[in-house]
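A, B, C and D are the chain letters, set down in written order, and residue numbers restart from 1 in every chain.
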């Protein structure tokens, strides 16, 4: 499936406490930004973490590949994009980029694999696939 | 009640990611250190967060007063102490200090007030008071 | 000096990673929110951390008193306010509240004392006082 | 180059504040654990971040591939291992695993690529290669 040409975007600004001794955003914080954008994206698609949890389903990340292209610095504004692809029966791949504003410099490229877990086992994302527009 | 002359102590080392742009540990991280020491202290006294939770009881912090005397820097070693006092019927006061090693320089002085909550209301800490040696 | 009736306000939304095992925002994260609001406030007043740093001046927090009135939960929206008062010659007191939106429920009350440091010693905030409208 | 059979190991215990709403360690915190172990490893090899910084050299991460095999929970003890390989002229690959104690269950597998940067450009790690025993 082709990636959406107009992926989901969420805006952020770097907060001072997210920067470390080197004067740049600490690497782990990019995962926070990516996670927050994924969750807001899923919610925008009508996915309810609370409802899933009541059905015994947890969405978890099984793999993250993150390329750090350029650092963000204090007070930088940036956007995090979210694109999704289905991978096999049970996995969903989130293709995410971080771009600095306003020059759209590429900061981070990430590929994050998620899976829906029920009683400790991966389950077909089912309704998720429908909600996310991934049915074939 | 007099403070214990030999309070509980827990050792830490500063991790680089805990430092911020100013080259020192970010203020919020001292609360992490204080919290971790309190939890380890309570567990050392036989208090089980899991068991309390099963009984519908949550321990929460209602107030924190923190004086920052001197900053910690990358790789500094330090100890966090925990002393407790009962405050009235429902509150427990944790008197905590952070000292740098090996010179025992005072880094942080903190007074953290905790309360046991059941169904949204403070309850007498009961068994906690006994476990923590606070009965009068 | 009377507190400003129309203090500085900054809006936030709780991010999932800021919540802990108890399902609420971890206490240390409120300090992050308070700090970010203070920094944005100072910048809005024309205070430049970079310029101060070049002049050898660091703004540091010497004391924080935080009352936790009610917890924030995942995806709650809230505002952090900033009011300032001069305390003696060298200290500035930040009076800050956190209110949940849209019901304006009081979440946190905080009093944070800051001081300007040059070569390890407190200095009169000087130009800061002027910039912040604190001159008497 | 074969991986060292006896890599560097560092022990940790999960702190409650590192766990999130799902009751497990938040994904971003594994990067903190991995980073702290890498830094301690480099220091154990005689690499001084301060000295490198004085020489205008910063060590940065350009890529992280992290597989999440099993979650860590509150108070779990675990070790983080560090193995290194040279990749071409300027890159160093850190192969890192996280194992839970005492059962040595595999928690995370990570491959983290680092590079030494001087004036914004990658430089041959030079003395680093010697210190880390990577010369061919």
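Rule of thumb we're sticking to: a contact is a pair of C-beta atoms (placed from the backbone, for glycine too) under 8 Å apart; a residue touches a chain by one contact, two chains touch by 3 or more.
Not measured: the values here are computed from a predicted model.
Taking A-D and A-B together, the chain pair joined by more C-beta contacts is A-D. In summary, the pair subunit B and subunit C forms a contact in which both copies contribute largely the same residue numbers, shared numbers making up over half of all those used.
For subunit A, the chain with the farthest CA centroid is B. The distance from the centre of subunit A to the centre of subunit B, each centre being the mean of the chain's C-alpha atoms, comes to 35 Å. Each chain gets a centre from the mean of its Cα atoms; for subunit A and subunit D, those two points are 23 Å apart. Subunit D has residues 16-17, 28, 32, 35, 74 in contact with two or more other chains.
Contact residues of subunit D toward subunit A in the complex are 22, 27-29, 31-32, 35, 58, 60-68, 71.
Residues 16-17, 19-21, 23, 26, 28, 74 of subunit C touch subunit D in their complex. Considering their complex, residues 15-17, 32, 35-36, 39, 43, 49, 74-75 of subunit B touch subunit D.
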